[in-house]
Amino acid sequence: MSASPVAERSTAMSRFDAQPIRHFLGVIGRTVFVAFMLAFFTLPVLWLVFAPFDKTPGLGVSLPEFTIANFRTLFKSSSALSALRNSLILAGGTAALVLVAGSLASYALSRVRIPGRDMLLYVLLLMSSIVTGTAAMVPTFQLVNELHLIDKMLGVVLVIGAGTLPTVIFILKDFMDNIPKSYEESARLFGARPLRILWDVVVPTARSGLAAIAVWAVVQVWGNFLVPYILLRSPDKSPAAVVMYTFYTEGGQPNLRLIAAFALVYSLPVVLVYFFVSRRYGFRFYGGIKR
Amino acid sequence: MASIRTVKLTKEYPGGVKGVDDLTLDIVDGEFFALLGPSGSGKTTLLRTIAGLESVTAGQLFIGSRDVTQLDPGRRNVAMVFQDYALFPHMSTADNIAYPLKVKKVHKAQRYATAEETADALSLQGLLGRRPSQLSGGQQQRVALARAVASNPDVFLFDEPLSNLDARLRLEARTFLKQLQRRLGVTTVFVTHDQAEALALADRIAIMDKGRIQQLGTPRDVFRAPANTFVAAFIGSVPMTLIPGTLAGGRFAFGEERLELPDEAATTAAAMPDGTAVTYGARPEYISMSSDSRPGAIAGPVQVVEHLGASLLVSVAFGDQLVQAVVDEDHEPEIGATVYLLPNPRRALLFDAEGTRMADDAPAEAGG
Amino acid sequence: MKHDDGDVAGLGRPRAVAFALPALAIIGVFLFLPALWTLWLGLTNYRLTGTAAAHPKVVWFDNYRTALTDHEFRGALWRTTLFVIGSALIGQSLFGFSLAWVLQRVRKPIRSVVEFFVLLAWIVPSSVSSFLWFALYDRRNGTLNALLGTKGTAWLIQYPMWSIVVFNTWVGTAFSMLLYRSALGSVPPSQLESARLAGAGPGAQLRDVIFPHIRSHILTNTLLITLWTFNVFTPYLLTGPANRKAEIMAGYIYRTSLRVGELGQGAAISLIMIVINLIIALVYLRVLRERTP
Amino acid sequence: MLTATAALVAVAAGSASATTPGTSAGTAAGGTAAAPSGEAITISVTTNAISGGKNSAEADFFQNYVIPEFQKAEAAKGKNVTLQYQPNGVDDENYKTKQALDLKSGAGADLIGIDGIWYGEFADAGYIKPLDDIVGADTVKAWSGWAQIQPAVQALTSYNGKLYGIPAGTDGRVIYFNKDIFAKAGLPADWQPKSWDEILAAAKTIKEKVSDVIPLQWNAGSSMGEATTMQGVLPLLAGAGGQVFADGKWLGASQALKDVLGFYATVYGSDKLGDPILQQEAQGRDQSFEQFSKGQIAMLAEGDYFWRSVIEPKAGDFPMANRDTVVGWAKIPAMKPGSGIKGQDFVSMSGGGGYVINPNSKHAQEAWDLMTFLAEPDTIKALLNGAARITARDDVNSEVLSKDPFLSFVAKDVLPITAYRPAFAIYPQVSVALQEATDDILTGKSVDDAAKAYQDKVVQLAGADKVATSG
C-alpha cells in the first residue's frame, strides 16, 4: 500500500524511457523472476493442499484420490479440536500480553529518556535467544515450578511472552518513534491523560505495527513445542504443536493421513489470523534503527 | 476568555541554552497577539511554555487570575493548532472535532452536535465523515481550527498554522482566521516567522530573538519605529536598508557620501560629537529615486532591478554599500546608469552603536 | 512536574517506569532470571541426570575450554556461519529485497498472490513447514527428485547445507520482503524521478537513491535476521538430530543439553553464542553509527 | 530415529508383571502408611503413549482397562482411589527430559514408566529411590511375582544391586532374512551363519545373483539412535569378545571395536553390501522396515519387536501377509566360532524397561499397588490382547509364546546367550559415541580414525583412567 505511489510513478516514468528494448527486457526479467519465486514458494505447499484429501497420502505430491475421511478420523480423536482450542488460548493470551505490556513499555521507552535505554534493549534482545533456547529449559522449568505455574496455561504464556517481549518492544518502539509528537501534545492539551493518549492516539496510529507484531507473536506461540510440552501436564491442555508430534503409529512411523490432515487444520488458523489482520489493519514494518 | 501574564519566565534547556530568558509579558484578554521571530528565537518555546508542553525553569505564568506555572497542560483550558495540524489520522473529521469533548466526557450525542455546529461555522459541511488523508491542506487546517474551537478554550495557541499552505490559500486563511478570532473574541497567541502575517493579523506583536522580546507593539509601531536594528531588519516585506557610518558635522557620513539626519533624532544626534558610530536606516519604500541630481541625494550606479509587481526594487551601489529603493514600475532604470537616491528624512531612522534607535523624545513607543 | 525532551504526552519518569514495569517484570522474572541461572550452570558440570545432577560441581571455565577446543563445536559454528551467510544475508535479504523491488512493478493480483505465498511460508508453524520440506526432499517419493529427474538423491544427506539454506531462505524471506517493502515506500518519489531524469538506470537508482535512503532499514533487517538465523532451531526439525553435516548451533546446543544431557556444557555454549551475537550486533551498530551523518 | 527406545519403553511400560491378589494386605502390614479406608485419593501414572498416536494401544489399555479395573481392585480393599493416566506420545528424549525435570522438582506422576537404561542415571541424580526405601523391604519382598521374574531380567530395573522398580518385558536380537531372495541366490532356507565371514559371504552371493536388492542392512549411524547401538554395534562387539563396560572400565579403541568398525566398513564401504545413505536418513529405520517388508532387503538385524509389531501380517506398521513363510531368522554369530563374550558361538543383546515409583509421591503405597497390579498375569494378558510378546514373567511367557514359533525361539535359544547394557549413568553418552563412530564409517572415514575419535570422546566422558584400550 505504502509502495503504490512509487509503483505508479515509475510505470508512468518508464514511458519516457524511450528505450523499448530495455523496457522489454525488464518485463521479461520481471516475469521470469516472479514465476521462479512463485514456483519456489508454492512448491512445498502443494503437499499441504493435496495430501490431506488423499486416501493414501505419501510424501510425494500427487493428485489425490479425494476423500475427507482423514479429517473425520482426525476429529474423532478428541485431542485435535481441544488442541486447537488450547493453541488459540495460548496464542491469544500471549499476543494480548505482549501487545499490552509491549506497547506500554515501548511507548515509555520511546518517549522518556532513560539512561542506557538502547543498551538495555539490545541486551534484552540478545538474552531472549538464550531463554527461548534449550539450555535454559531447566532453570525455566524450576522457576515455573516454584511459582506453582506448572500445568497452567499462564505459565506457558509468561515464559513465551518473556521470550518474545524484547523483540516486540524493539520493533514497536520503532513505530512509536515514528508517530508525530504533535498528536500526543494535541490530545494532551485537551486534557487527555497518558493512558488515554496511548489508547486513543498512539495505539490506533501504530496499529499496523501492532497488528504485524501480534501476528508474529501468534506465529511464535503457535509453533512452539518444547515450552508447552515441558510446562503442561494435563492432556486436555496440550496445544496443537505438542499434539502434532503424537501422530505417529505404534512404532513411531509418521501417520501421514493424520499428519496431513492435522497439518492443514493446524496451519489454517494462523493463516486466517494473518488474513484478517492484514485486511483490517494493514501489515507492515517500519524498520530502521535511529540514533 | 482570559488574559495571559508571564513574570520573569525562564526556560532553560539542559546544557544551559535559554529558550525563554527572564521574560515578563502581558497579553490582554481578547487580544490577537503574535510572537514573531526567526527560527530559534524562542517564540515557539514561549508558546509551548504557555501551553504547558514545556516546563518552566523559573518565573511564573498566569492565565486569567490562575497561576498555571505548575499546572498540567490539560487543565489550562488552552487549545493549540499545530503546524502539522496534528489531526488524528484514524479519526474522521467529526471524531477529530469531537475529541476534546470526548476527553471531557461530554455525552456522545451532545459532542457530535457541537462538532457539527462548529464544522458548519467553519464551512466544513459535508466533510464530517472523511479522514484527514482525504482532505485538502486548507480543509485540514480548518478542521484543526474547528477542533480547537470546539474545545471552548480560554486561549488559542497557534503554532505557525498557515505555513503549510500555499501562498494564495495562506492569504485566504489569514483573513478567515482574523474574522474567526474577532467573532469568538478568544485571547489568541500566534507564532510565526512571517512578519507580513504578523503585521496583518495581530493586535500586538512581540518580536523575539535569543529568548528575549526585542520589541513589543502594534503593527504600526514595530513597522514605523523599530526599537533596534534587529527589529528594523526583520520587519518589512523588503528589508530596511541599514548603513553603518559616523556622525560628521550634523550629518550622517559613510564613505564619501553624506545624508541629512532623520528628523526624529536630529536634535539628539547633533548634540553628539563627530565621529560617533551610528547606523542609518531607511525603508526602501521611503527612498525616492531620480535620474537627476537633487540636493541631499546620494549618487551611485544601478546594480540590480527586481520586479515586485506594481513597483520595482532597485539596488544601488555606494562603495561597498548597497542601498535599495522601491520605485514606481514606470521608472525602470538601466543597469549601470547613475541614479540619485533621497531618503525621506521624516521616515528615516538612526541607531546608536548598540543598535538601539535614537529619538529626540525617547523612549516613546518601545515597551508599549 | 518535570518534563523531559520528547516526553510529549507528559509521562514523566515515574509514570514511564510504571508503564515499562509490567514488561520489565515479566522479562526480569522469566527471561533475566533463567538467563542468569543459565550463566551459572555454564560454570558447573551440571547434567540433567546422573551424579552430576544431584551434586553439580563448579568447574569454572572447563566447559568453555571444552567447547572451544571441541571440533564438533567448531564445526557447528562454521556451519552456522555458512548458514547465516547463505540463508539470511544472501538468501533472505536478496530474495526479500528483489521481491519488494520487483513486486512494486507488477499488477496487483499477481503481487497479492506472490506475497501471500511468501508470507505463508513464514507463518506456517515450523513443525509443518519442516515436514513439508522433509516430504519435498524425500529420497524416494520426494517432489524435488521427481521434478529435477534426480531419482534417488537424498538431498538432506548428500547436500545437507544446501538443503537447510534453501529451506531457511524459504521460511524467512517474508520478513525481509515486508521490511523492504515499507522501506522502498519511504523513498521520496521525487528523488527517484530526478535520478531518472538525470538518466540513471535501475542500477544507478539503487546505488545513488535507494540504498542511501534505506540504509537504516537494511541494517535493522540485517541485524534481526542475522540474530534470528543464528539461533534458529527449525532446520533441526527438518534434518533430525543425527544429521551432523547439517548441524548448526541451536541443534548442537539442543543435542548437548537435552539429548546428551550436559546442561552445564550446553549453558556454556549458549553464552558463547550470546557473545557472538553481541559482537555481531555491535559491528552492525558501529557500521550504522559511522555511516549516519 | 525415535523408534528405537520408543519401542523399548513401549514394551517396558506396557507389559508389567503380576502379583497375586491379596498381596496388598501383606504390604499394608509392611510398615508403609496406607490410606485410611474410604478417604478419596487420586494417583497418576504416565508413560510415553497417547491414544490415537504413538503407542496408542497402550494408552487405550490404561484408559479402558487399568483405570476401571485397578479402581475396582482398590475399592475391594476398602480404598477410594481415583487413577489418572497422563499420556505423552512424543520423542523419547523429550519424554525423558520431562520426567527428569518433574522428578527433580518434586513434581510428576506417582508411577512413571521408564526405559531400563535410564534407571542408573536417574538413581545417580537422586531422582528415584530403591523400592525398599519407598515402600519398605518387607513389602517388596512379600510380592509373590518375583519368583516368576528371572534374576537376569530383574537386573533391568536394578542399579548397584538395588531394585528400583518391577521390570516389564525384555527382548532379543536376531538376523532376519528373506527366504525368497535367499532361494534366488541359492542360499538355504534354514540359513544359520557361524561367523561374520559367512554373513558377508551370503551378502556377496546375493549381490551377485539378485539384482535390485540390498543384501544387508546392519544398523549404523546416529540417526538410528540407540537402535544402532542395540542391534548394530553391541551384538557385533559381543561377537568380537568385547564389552562396552567391563572390570570397571569403559570400552576404548580396542581390537574388538576395530573389528566391529571393520565389519561396518566392509558392509557399507568397500563391498557396498548395504546402503549407507539409508542409515543416515532421519526416517531411515522405518525405511529399512518398509523395504524389508517389500522384499527389497535380504538381511536385517533387528529385535523381536520387528517381528511382532512391524511385519506382523495384520496390524504391523509394514505388514507382510506372508511373514510366516517368507521371513527366516538366525542367531547372530560371533566373529569366529567361540570368539564371543564368555567364549560363546552366538550372541544377542536385550533391553526393556519398567516402572518406577516417584519418591515424591504422597501415595507411595497406592503407587506400589498399581505397579504390582500392572504386573499381574491378568493385566499383562489384557494388554497383550491375544498378541504374543516376551514379558518379564516366565509363567506368562510360557502361556502366550507357545503360539508363536519365533518368539518361542527367542525365549528359548536367544535369551540364554543374551547380554544387557550396563546400567550406568554415563552409558547413554558412550552409546552416542559408538553411534558416531559408525557414522564416521558411513561417511567414509577409516577404521583407525573412527576408533581414535571414539577413544577421545570416551576419555573425555569417563576420564582416562576409566577407559580400557586393549582387550
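Before moving on, here are some points about what is shown:
We just call them A, B, C and D in the order they show up, numbering each chain from 1.
As a working rule, a contact is a pair of C-beta atoms (placed from the backbone, for glycine too) under 8 Å apart; a residue touches a chain by one contact, two chains touch by 3 or more.
This structure is a prediction, so every number in the text was calculated from the model and none was measured.
When every chain is reduced to the mean of its CA atoms, the largest separation from chain D belongs to B.
The interface carrying the most C-beta pairs in contact is the one between chains A-C. The distance from the centre of chain C to the centre of chain D, each centre being the mean of the chain's C-alpha atoms, comes to 40 Å.
The geometric centre of chain B is 56 Å away from that of chain C, both derived from CA atoms. Chain A and chain C have centres, each the mean of its CA atoms, that are 14 Å apart. Centroid to centroid, with C-alpha atoms defining each point, chain B and chain D lie 93 Å apart. Across the assembly, chain C contributes 5, 8, 10, 48, 134, 140, 258 as residues in contact with two or more other chains.
Those residues of chain D in touch with two or more other chains are numbered 94, 97, 101, 104, 283. In chain A, the residues touching two or more other chains are 137-138, 182, 185, 187-188, 245.
Residues 4-13, 15-17, 19-20, 22-24, 26-27, 29-35, 37-38, 41, 46, 48, 95, 98-100, 102-106, 110, 113-114, 117-129, 131-136, 138, 140-143, 146-147, 170, 173, 175, 178-179, 181-187, 189, 192-193, 196, 201-202, 214, 216-217, 219-221, 223-224, 227, 230-231, 233, 250, 253-254, 257-258, 263, 266-267, 269-271, 273-274, 277-278, 281, 285, 288-289, 292 of chain C are the ones touching chain A in the complex. By the touch criterion stated above, chain C contacts chain D in their complex at residues 47-54, 66, 134, 139-140, 154, 156-158, 239-245, 258-261. Contacts from chain B toward chain A in the complex involve residues 51-53, 73-76, 78-80, 82-86, 88-91, 99-100, 102-104, 147, 151. Of all residues in chain D, only 1, 93-94, 96-97, 100-101, 104, 118, 120-122, 124-127, 221-225, 277, 280-283, 287, 425-426, 428-429, 432, 435-436, 439, 443, 460 touch chain C in the complex they form. By the touch criterion stated above, chain A contacts chain C in their complex at residues 1-7, 9-11, 13, 16, 22, 26, 30, 33-34, 37-38, 40-48, 51, 58-61, 97, 100-102, 104-105, 107-109, 111-114, 122, 124-140, 143, 158-159, 161-163, 165-167, 169, 174, 181-182, 184-185, 187-188, 194, 197-198, 202, 212, 215, 219, 222-223, 225, 240-241, 244-245, 259, 263, 266-267, 270-271, 274, 283-291.
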